[in-house]
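Alright, structures below, take your time with them.
Across the two complexes that follow, chain A remains constant while its partner is chain B and subsequently chain C.
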Partner chain A sequence: MEDPQGLEGSQPVGLSKHPSGIVPTLQNIVSTVNLDCKLDLKAIALQARNAEYNPNRFAAVIMRIREPKTTALMFASGKMVCTGAKSEEQSRLAARKYARIIQKLGFPAKFKDFKIQNIVGSCDVKFPIRLEELAYAHGAFSLYDPELFPGLIYRMKQPKIVLLIFVSGKIVLTGAKARDETYTAFENIYPVLTEFQKVQQWSPSCSCVVEISSLVMEVSFLWQRVTT
Partner chain B sequence: MSDSYCPDCKRNTEVVCDHAAGDTVCSECGLVLEARSIDETSEWRTFADDSGDHDPNRVGGPVNPLLGDGALTTVISRAANGSNADSSLARLQNRGGDPDRAIVLAFKAISNMADRLSLVTTIKDRASEIYKRLEDQKCTRGRNLEALVAACIYIACRQEGKPRTVKEICSIVAGATKKEIGRAKEFIVKQLKVEMGESMEMGTIHAGDYLRRFCSNLGMSNEEVKAVQETVQKAGDFDIRRSPISIAAAIIFMVTQLSESKKPLRDISIATTVAEGTIKNAYRDLYPHAARIIPEWYAKERDLKNLSSPKA
Partner chain C sequence: MGSSATSNIYINVIDDVISKVRDEFIDNSGPGDGILEELQRLWELKMMHAGAIMGPIDRSSTKKGAGGGPITPNPVHDLNVPYEGTEEYETPTADLLFPPTPLQTPMQTPLPGTAQTPLPGTTQTPLPGNDSSPFYNIPTGGTPITPNAYASPNENGGVPDIRGGLGRPSQFMPPQSPWLNQRPHLDVNVAYTEGRKEGEMGAPHQPSTQDFFLANGKRKRDGPYHSGYIPQQDGASDSLSDESKVAERRVHLIPLPEVKISFRIPQLDGHMPDPYDDELSTPNIYNYQGVGSEDYNIVNTPLPNEMLAATPAPVKNDIGDDDDDDETLNEDDDDDDLDDAGQGENLNSEHLILAKFDKVTRTKSKWKCTLKDGIMRINNKDILFNKANGEFDF
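Moving on, here comes the complex of A and B:
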């Protein structure tokens, strides 16, 4: 029984697998593959469309395809990095397309050792979070310095994932080699986040003069609409 | 001439100090009250134009426990009467290379920066200690010294509970950007967490930590300072998603706008090292809560009406 990738938001979420009720959406997959033949970068850059090669800046050809919308870095050794895909299958498909382009250009490209190196996912828990207290409670794993970066950097040990937790409740998970690691990491952090939920303090001030109170009400409605 | 109690006369009598023998003698009965008193005034005077040669000092400088051997080495001096055979020995010793040179250089840099920021000796010493620990772990090789030293000072200030914003430290350091100092700080904390453990724990920064300094830089009155402190306390309850320093700057702006002496945005921007645009944005976020966070005794409702509404 497979979850169709694109319809995750609207499908009823499997509560056995995702007890929190939220599934992180994958935003970026980085994968590598070995084409197993030496490449002539200059020739590739001249012949292929959508390829850029600037040896002074970076020693690889940067090629892009439209479907799936991805970017590939191809090195002279024959190794290739494919980034920008939204799912593992798309990443594999894109890598195959790039290999096909190289084959068409005349190089004996193969498709060896395709491996997904990094999966980036994001989600929204829909409530604000008290980052400072979270940083205090989980000091060994958290790094929170509002001057340097507005989000809390949480380095989970098991699975080894890095999470960026923001005040708004939006979470970014990165460093996974498999989709399940992302899901497990999110399920691990969700109870912690609910524990440090920011309770909204909203006391309507009745002692205000009419003009000020109406202005404040107006602004507060706008503010609520923007933040929820 | 002074008065002191003479045990023979059994009352306070005039006492004379004879400096030749160091005696304190009662002028009435001649009893010596104190013999051979030690003169604690300075032995000699030093002038700027004196020849540097004959230095009557019998002791060296204060011992710095952080420098390897406390600088207790013996060096071969250079004879003043030109170079002769002995100077070759001095040259050979100098060529050996001072193991402490890197640390001494770093300490000098720390000292310079601390002076520029007018930091107390406690913070300076703590920063030097942090650097020494890093040097012991041999992690300072091949790293931007300026950024590392700036980060040491930043951490020392935080640990002492008197944090300085990264931008303030940036302003007095020539060779480091905010990013580099941030990276260096993360590096230092990671390296020393293993060794020092709990003592490297620095709490998160709060707006209140910086208030006193910002307010005094702007020359605000005591009443305004108290109002700002109370406002910051109350503002902590509301969900304002901005850096604590921007919030502090915006609150200072709001409170000064309500007072008689309105500080221009530019002055506040310079004193708090927050960009003018950022202060305006934070002010816009704070404005809806103005009535609730500004203390009653400072500004009445109608004064708040005069508060300029931020142009959305």
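Moving on, here comes the complex of A and C:
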């Protein structure tokens, strides 16, 4: 149902679905699955190949596989969290691989209730943004405290997505349970971003340049006088 | 193909392990010293074949002194090899093939009325947590036990004559390694911390087990079967080709045929707390103390080995629901990496590092380790190291 080809953030694809011409790139998928059997974490950590287990630090076995490059947290209850995949299908495949590993270790692991819990995407609108004005205009949704965090935190209500908007024009979208939510959220915010696009005008920047260059000249003047 | 220093390390390791478990073997409930000797022979044999030990093992026997004569009293024979008659013996006796072990004598049994310590009234070198035999406590030549104190509770006169005096290691016992006695506080949880560094032993002890390989270091498999040849099959019960040999064997050796030499002897490591329990006595770099309530919902013992190898019965999809979607993990879900890694061991050149770790850190996919006291097997060569730094990408 999604666009089949590899989606770069700046590739114009499917203008009907992505009128902005930009498609957010998925960076991280977090999913959970229930293996439906109690796990002996110590035994798993001792037998499995790529497993970490520090019970005094965290009560789960941390296992990693290379393809898809993911990390899984396995709990004694039999629940498992799989993170790091770049697509939903990869996340599912990785979760199945982990379940298979557990199965091979001797546990009657199943693959129950696989669910994508979070999708993180990012993209670049390629123009700078006036965050302060955007925060002012969308005060109900925005949180912008540059001393705390350089990005504006935009909590969109529909779909329920959190966006991190940066001055550079880079956007991070998180909180989606389905890829479409990410896309919709971005399409929703795109016109807002263009509205608050930081337009590079010559007059303000020109004056800056003039000021700086005059300062430089003064300094060089003084320096010449001092050194001669 | 290892260096001679490496080879010596392995030999010393083998001897040390054998001498440490000897106590359990010679126990009344243990398999017996003969089994232990075979174990050692087998072990050394396999190590030689793997190229880790350079044969033949040169052991200058120091225990010959008890009147061994031309034939050492404890010749160790490679049972894979047809027996080769020595000068004095044409056919092997059970004594030769299976060296007599005086420790089978009832002296070793817990004496009635005595506590667990078999040496009443003696001060032993304190070895906490070490259940070694009394022989470890006794320096070679020293006799901390008065023979009287030992013999008195033993009414049945089970003191054998072959013992070279009570408290003194019998002539058949391999002499203890000197550094064992120099370290009274031996913590079995920490193995080989001393004297194992730099791949070199300061004073390599020469145990008394004799050179059981032929002089040329080879083992003969296809030589003519002598009358004394008893086929030795690894992992299977021994089949006695010569029935007459059975009669000659001692009582304590009869269980031999049933013993599977493939190391199925259950290994009970004294009291060794798991690394995940908070009762680790040895100082640990990573402090596992104060583990709150660990909810190990399943039995804490590690899974028996049988469960590891076998793929568990596939979950039958009787429901006919979603075959691939929800349940039933098939082979399609197998991780290629893991499967390939398992097959790599057949190539015999799979690279391997076995060491203790000091620190392991990870940043994203970059792992950094500092290791110590380890063995590396790279390109079919064994390399030992005291310290190693590593960077890995996963």
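By definition in this document, the second predicted complex is superposed on the first by the 192 of 228 C-alpha atoms of A that agree within 3 Å, B and C clash if a C-alpha of one lies under 4 Å from a C-alpha of the other, contacts with A are read in each partner's own complex, and residues count from 1 in each chain.
Just so we're on the same page, a residue touches a chain if its C-beta (ideal position, glycine included) is under 8 Å from a C-beta of that chain, and two chains touch if they have at least 3 such contacts.
Remember, it's a predicted structure, so these values are computed and weren't measured experimentally.
With both complexes superposed, C is the one of chain B and chain C in contact with more chain A residues. In the superposition on chain A, A:I22 makes contact with neither chain B nor chain C. Contact with chain B, but none with chain C, is seen for A:L148 once the two complexes are overlaid on the shared chain. In the superposition on chain A, no contact is made by A:V81 with either chain B or chain C. Of the two partner chains placed by the overlay, only chain C lies in contact with A:K69; chain B stays clear of it. Residue contacts after overlaying the shared chain place A:K198 against chain B, while chain C stays out of touching range.
After overlaying the two complexes on the shared chain, residue contacts for A:P128 are found with chain B alone; chain C is out of touch. Contacts of chain A with chain B, set against its contacts with chain C after fitting on chain A, share not one residue. Every residue of chain A that touches chain C in the complex is listed here, in rising order: 38-43, 45-47, 49-50, 53-56, 59, 64-67, 69, 76-77, 93, 96-97, 99-101, 103-106, 108-114.
The part of chain B that touches chain A in the complex is made up of residues 165-166, 182, 185-186, 201, 203-205, 237-239, 241, 243-245, 287-288, 291-292, 301-302, 304-305, 309. Those residues of chain A that touch chain B in the complex are listed here as 128, 132, 135-136, 139, 143-148, 150, 167-168, 198, 200-201, 203, 205, 207-209, 211-212, 215-216, 219-220, 223, 227. Contact residues on chain C toward chain A in their complex (touch as defined above): 274, 276, 286-291, 294-300, 302-303, 307-308, 311-312, 315, 326-329, 333-338, 341, 365, 394.
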